[in-house]
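The structures come next, written out as structure tokens.
In the two complexes that follow, chain A is the common piece, with chain B as its partner first and chain C second.
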Partner chain A sequence: MLSEILIIVIRGIAIGSIFATIAMSFNIVHGATNIFNFAQGNMFILGGFAAYFLANGAGIGMWAMMLIVAGLAIAALVSFQGYITLLPLRSSVEQDSWLISTVSVSVIVGAILMITQGPFAYSVQSIAPSFRIFGTRTPGAYGLAIFAMIFWYVALRLFLKHTYSGLAISALSQDFDAARAAGLPVRRLQLLAFAISGLMVGSVGFLVAPVISVSPDAGLKYVLNGFVAAVVGGIGSNIGTLIGGPLVGVVAMLTAYKVGGAYQDVASLLVLVSILVFRPQGIFGRVTARRV
Partner chain B sequence: MAMAPLETKIAAANGSVRQRQLIIILLVAVALSAAPFLIYPMFLINVLCFALFACAFNLVMGYSGLLSFGHAAFFGSAAYISGYCAKTMGLPAELAILVATSCSVVLGLIFGWVAIRKQGIYFGMITLAMAQVVYFIAVQAPFTGGEDGLQGVPRKALVSAMAPMSDRQSYFFVLAFFLIGFCIIYRIVHSPFGHILRSIKENETRAASLGYDVDRIKLIAFTLSATLSGMAGAVKAIGFQLATLTDVEFFMSGEVVLMVLVGGLATMTGPVLGAAIIIAMQYYLSEFGIWVKALHGMIFIVCVMAFRRGIVGEIGAYLSRRRGASD
Partner chain C sequence: MTAASNTYPNAQQGETAKKARFNSDLTQVKIGLVLILLTGIGPVLAGNEYWIHTFQLVNIYIAASIFQNFLFIDAGQKSFGQGAILGLSAYGTAILFGLHGVPFVLAALGGIAAAALGGLLFALPALRVQGFHLGFVTMSAAIVFPQLLVTLDRWTNGINGISVRIPALMTPIAFGISPLALLVTIFPMLALIVHYLIRRSRLGRNMFVSSLSPEAARSLGIKPGLMRFAAFLIAAIGTGICGVLYLPVVAFVSPQGFNIELSFVFFFAVVVGGRGQMLGPIIGVAIIYVLPNVLLAQFVEYRLLMYGCLTMGAVMLFPDGIVGSIERLRSKKNHGGTGERAFRIDGFLAQLAGTGTAKEPTEEIAVEVRNGTKRFGAVVAVDGVNLKVRKGEIHGLIGANGSGKTSLLNVLTGLSRLNDGSFYINGVDTTDYPADKIANMQLGRTFQAPRIFSQMSLWDNLRLGLDARNGKGSDAIDALARAMETEFGHDRADLLSHGQRRLVEVMRTVLKESTIVLFDEPAAGLSKSERNNFADLVRFLSRQLGKTVILVEHDLDLVWGIADRITVLDQGRVVSSGNPEAVAKDAAVQHMFVGARHA
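Moving on, here comes the complex of A and B:
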């Protein structure tokens, strides 16, 4: 009984670390541009499709190479999307148009996947061998998911604190106008942030493809859960997502175990609502005074 | 003495404006009553229901600047409730619509209460998340008929003495509700409350500093919009005799955004035109199936990039430019 719960918690943490990585990819774009990229879930699923088409059953060397190819391709796609999304913001007063353009990109990607691949879920063979925890086989991709979360957290931290571009992106998220006045190449940095977020979700989608449902309409689930993870952790706080993601994952898994698989998403949405009602700034978020 | 000619001029101008308005109203009335004899009535019913939905949505998106991604929850849940009331409980259509609309008030208050405290992205995502819960309930609950939905909802209304209405009769039934809803929205937009709403959209901080309780006003607007969206859904379930999962889906929330954008944000007639265009597109392009969805996405992007004011908005801008040039 106890070991069953433990297994569920471990799987929950693994699933949650996927949400956490998506949440971190939201954070970097949001910090640099104030845009919340709704298409991120579809880009994540595209990573899964890349794994299916490029590396299903391939050897480890080929697989690793394809991982890089897929990651870079999706990074390019997301930065192109970012370019389109940012275009009307240059001149317009209405700064909410990005919400519609990112949603429409997600609709287009979903529709194209549906047209070309049909409404099926694809299964991808795992490259990492499954391992045993408390006598139960656990798919290796769960391990990869947790690894990817930690890898991207460390990589982002190093990038944001120790490279010129990273520091510049941090500056953008702190004070956009001051950063522009200081002569930073704002547009280029914003596109870089988009590219990094694409690299993150693309590579993670590729890594965890064996344990997610790789189907055209799965994107919405990951956008929502990633968003919940980001809100629970506090928007903009990467360390918060390390807590928020696994928390959401564990709650979803426990609900699936105790109540039924169909109730997973409802559980994470309830987490969202209760966080918003009781602690709107998230666990690690800072409170900003309301300007009146 | 110099004032007199000016006053008569204004009076004459007012008179001619009123006369022109009267002529337009008469023309519209003739067109609306002739329409079901020229065009397939079921198509018109569909357009009217979505036009009302889009107008109600415009109240939040266009006039209050709140982009909600969860309006399908009100539309769809009301469709289910009115369908259930009419089909299983045998209530007359008017009562079923009334019950469903009152449920939307409650749902709108709950959504608004949670979501209004956040702005921009968060508002959109929270409404979306809550709408997904409603969708989930619609999938799971026993009375919604699962994948099949509620089919063959009877069209027995008090006005038809509980006899089933024909397609044409239902058109006029739906038209009546559409006109009621449209007039309510017109009143809201052109009331002092509507002006406060627009001032909040323009500059929320300033509106708050002038002493308006911004959150409360937004909550009222959101609830009004939810109520009218619910009415649209409830009427649709009766007029179309159908309530299905597509009514509560996320895609439906996106579609209504598209209708408002294509027609024209913050215009009275824009959403009606937008709804007519999108529904006609679905209707005549239905053989292309899922491609229509991709096409929708493209239209979205074009609207956002180049065509910001929508059709009615662009025409209005063109007219006022010409008027400005001729003066």
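Moving on, here comes the complex of A and C:
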């Protein structure tokens, strides 16, 4: 019984680290642009499809190469999306347009996948061998998911603190107008943020394809859980996502175990609403003073 | 009084040419009603069963999109989950009527109640968060809803759905028109009219202001949270009625019918048609729903792709939507600025002249702060301030940038809370009062960055003050309001200069008939003559109408010209306070005056 719970917790943490990586990919774009990319979940699923089509059953060398190809391709796609999302914002004072355009890109990507691949879930063979925890076989991709979360956390931290572009993106998130006035190439940095977020979700989607449902309608589930993870951790806080993601994952797995698999999304929704009602700034978020 | 000798320039100018309408809402409503009538009755007269069925559904979607438009723009609530609200009501009715044999009317009421409950659930997180947060919450609700319908099969029949037949609604009563056809024609028309009437009402304006500037709303005595609740409730009931009508039209409900796609249809229809335009949802549904499902029916599997691409295309090519772009062209053609003449207050003053009686400040205390301290983290913005403002006086509040003047105003209007100390308005301890309650004690304020809304006509911007009046107002202000309505009813507020916008806010507090007014740097950006007019107005407010005026201002000449008492703040502390002559001689403030002109 206890070991069952432990296994569930470990799987929950693994699934949750996928949510955490998606949450971090939200954060970097949000910091640079104040945009929340609703299409991020479908971009993640594209990574899963890339694994299915490019590297299913391939050897480790081919697999690694295709991982890079898929990550870069999705990074390019997301930065293109970022480019068209930012276009109307240049002139218009209406700030809702990104909300609409990212939702419609999400719908478009989902629809294209549905038309070309049908409403099926594709299974992808795992490259990493499964391992034993408490006597139970655990798919290797769960390990990859946790690894990816830690890798991206460290990589983002190094990038944001120690490179010129990273510091500039941090500056954008702290004071957009001052950063612009200081002569930063705002649009280029924003596109870079979009590209990094695409690289993150694309590569993680590729890595964890064996343990997720690679199907055209799965994207929404991941965009929502990623968002819940970001909110729980506090929007903008990457260290928060390390807690928020696994927390959401464990809640989802426990719900599936105790109540039923159909209630996983309901549980995430409840977590989201309770955080927003009781602590809207999240665990690690700061309350910022508003100017009147 | 100098202003009394002036003529009323605004009135003269207004009589020369009839202005174009500020917006075409009314025209759009008329066109919309005709279109809905056509899609409702046209197919019946043509006698084609397929078209009848399709356009009944189209009309229901139009009504739901109208409520989405209201919720999204008029109330500023980004809901992606209106499809689930419709589903709640359709399912509620189907379960009661179809599975439990409850009479249809009662079942329908139950369905609408379920939808209303859903709307209130959406409103709950909206009390705390706005914007994309709310979008995500409502979107997850819309994703979860069909899942729950499947899982809770004990009550919902699961994926098998529920079939219903309501023959009484289908039997034609005259000209082959069934009660159902009549209902699905009349309801969207009603929805459109209701939307128009709400927008023209005080409630509608209050909702709009609450969404655009919650702090301005609160300083006008409005509770933004209550407005959000009301908006979600109205939209949910309207969308709930759509759900009830959905049932006889489709004769079947199943979880797949209410997935996220349905919510997207309503949302996208509003965007493509034109956000906030009365006609928008009707044109939007025609493009988003009718085009892919009816005219391109052979490509039905590309439906979602078309929704997405059409919306994306609209955002890129017509950011204001189809109707919005046409409206923008019309409005651009018809409006030009009129420079300094666009908004002058000497005319108002001339009209008000003679309505007051000569008054002097009394010894009663209108506003008192005792030992007030306000901290932001380590920064002490207001530091142990003691302040007394007498009834009817003009009290100047001066000091360098960052000395705590605006922080003090925000405390006095309830927008931020004191950490220590207390303050009293007319003797009442208001330290813990919320902003709207303080505003309703006949207190009015202006903001440094004026809260002027370009989406409203100039008159509607002013009218917010009239809306916020407590109790019955005076005849003089009513007369002034009527003159303003004729004058500015179709003027645009975004053509005003920054200084004029401040004056609009000042006049808003005058229309509010606040007995205590707080002006935050009202004279910045005013021309010399506008400044003189403003000084006359403040004097009139104090000496004729007996209002208490607290004036935060950097223009020291202006302050010394009109203030009865002056308080000087420096780094959050009161360094000097008293009548202007005494303050000017105070050694503690000498350094503030370059060249010590006033000494």
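Convention: the second predicted complex is superposed on the first by the 289 of 292 C-alpha atoms of A that agree within 3 Å, B and C clash if a C-alpha of one lies under 4 Å from a C-alpha of the other, contacts with A are read in each partner's own complex, and residues count from 1 in each chain.
As a convention for this text, a residue touches a chain if its C-beta (ideal position, glycine included) is under 8 Å from a C-beta of that chain, and two chains touch if they have at least 3 such contacts.
Here the structure is a predicted model, which means the values were calculated and not measured.
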- Message: Quick check on the superposition: with chain A as the shared anchor, is it clash or fit for chain B versus chain C?
- Response: clash
- Between chain B (first) and chain C (second), which, if any, makes contact with A:Phe80: first, second, both or neither? neither
- Does chain B (first) or chain C (second) touch A:Tyr257, or do both, or does neither? neither
- Query: Is A:Phe151 in contact with chain B, with chain C, with both, or with neither (first, second, both, neither)?
  - Reply: neither
- Message: Contact-wise, after the overlay, does A:Tyr122 reach chain B, chain C, both or neither (first, second, both, neither)?
- Response: neither
- Once the structures are superposed on A, label A:Phe176 by its partner contacts, choosing first (chain B), second (chain C), both or neither. neither
- Task: Can you tell which stretch of chain C bumps into chain B once we superpose, 4-12, 76-84, 418-426 or 544-552?
- Result: 76-84
- Query: What is the shared patch of chain A, the residues that chain B and chain C both contact?
  - Reply: 36, 84, 87-88, 92, 94, 96-97, 99-101, 103-105, 107-108, 110-112, 114-115, 220, 224, 227, 231, 262-263, 265-266, 269, 272-273, 276-277, 280, 292
- Item | Interface residues, chain C side, partner chain A - complex | 78, 80, 124-125, 127-129, 131-133, 135-137, 139-141, 143-144, 147-148, 150-151, 215, 260, 264, 267-268, 271, 275, 301-302, 304-305, 307-309, 311-312, 315-316, 319-320, 376, 406, 410, 415-416, 447
- Message: Please output the residues of chain B touching chain A within their complex, sorted ascending.
- Response: 65, 67, 69, 114, 117-118, 120-122, 124-126, 128-130, 132-133, 136, 139-140, 205, 208-209, 250-251, 254, 257, 261, 290-291, 293-294, 296-298, 300-301, 303-305, 308
- Query: What residues of chain A sit close enough to touch chain C in their complex?
  - Reply: 36, 38, 84, 87-88, 92, 94, 96-97, 99-101, 103-108, 110-112, 114-115, 220-221, 224, 227, 231, 260, 262-263, 265-266, 268-269, 272-273, 276-277, 280, 289, 292
- Of all residues in chain A, which touch chain B in the complex? 30, 36, 84, 87-88, 92, 94, 96-97, 99-101, 103-105, 107-108, 110-112, 114-115, 220, 224, 227-228, 231, 262-263, 265-266, 269, 272-273, 276-277, 280, 291-292
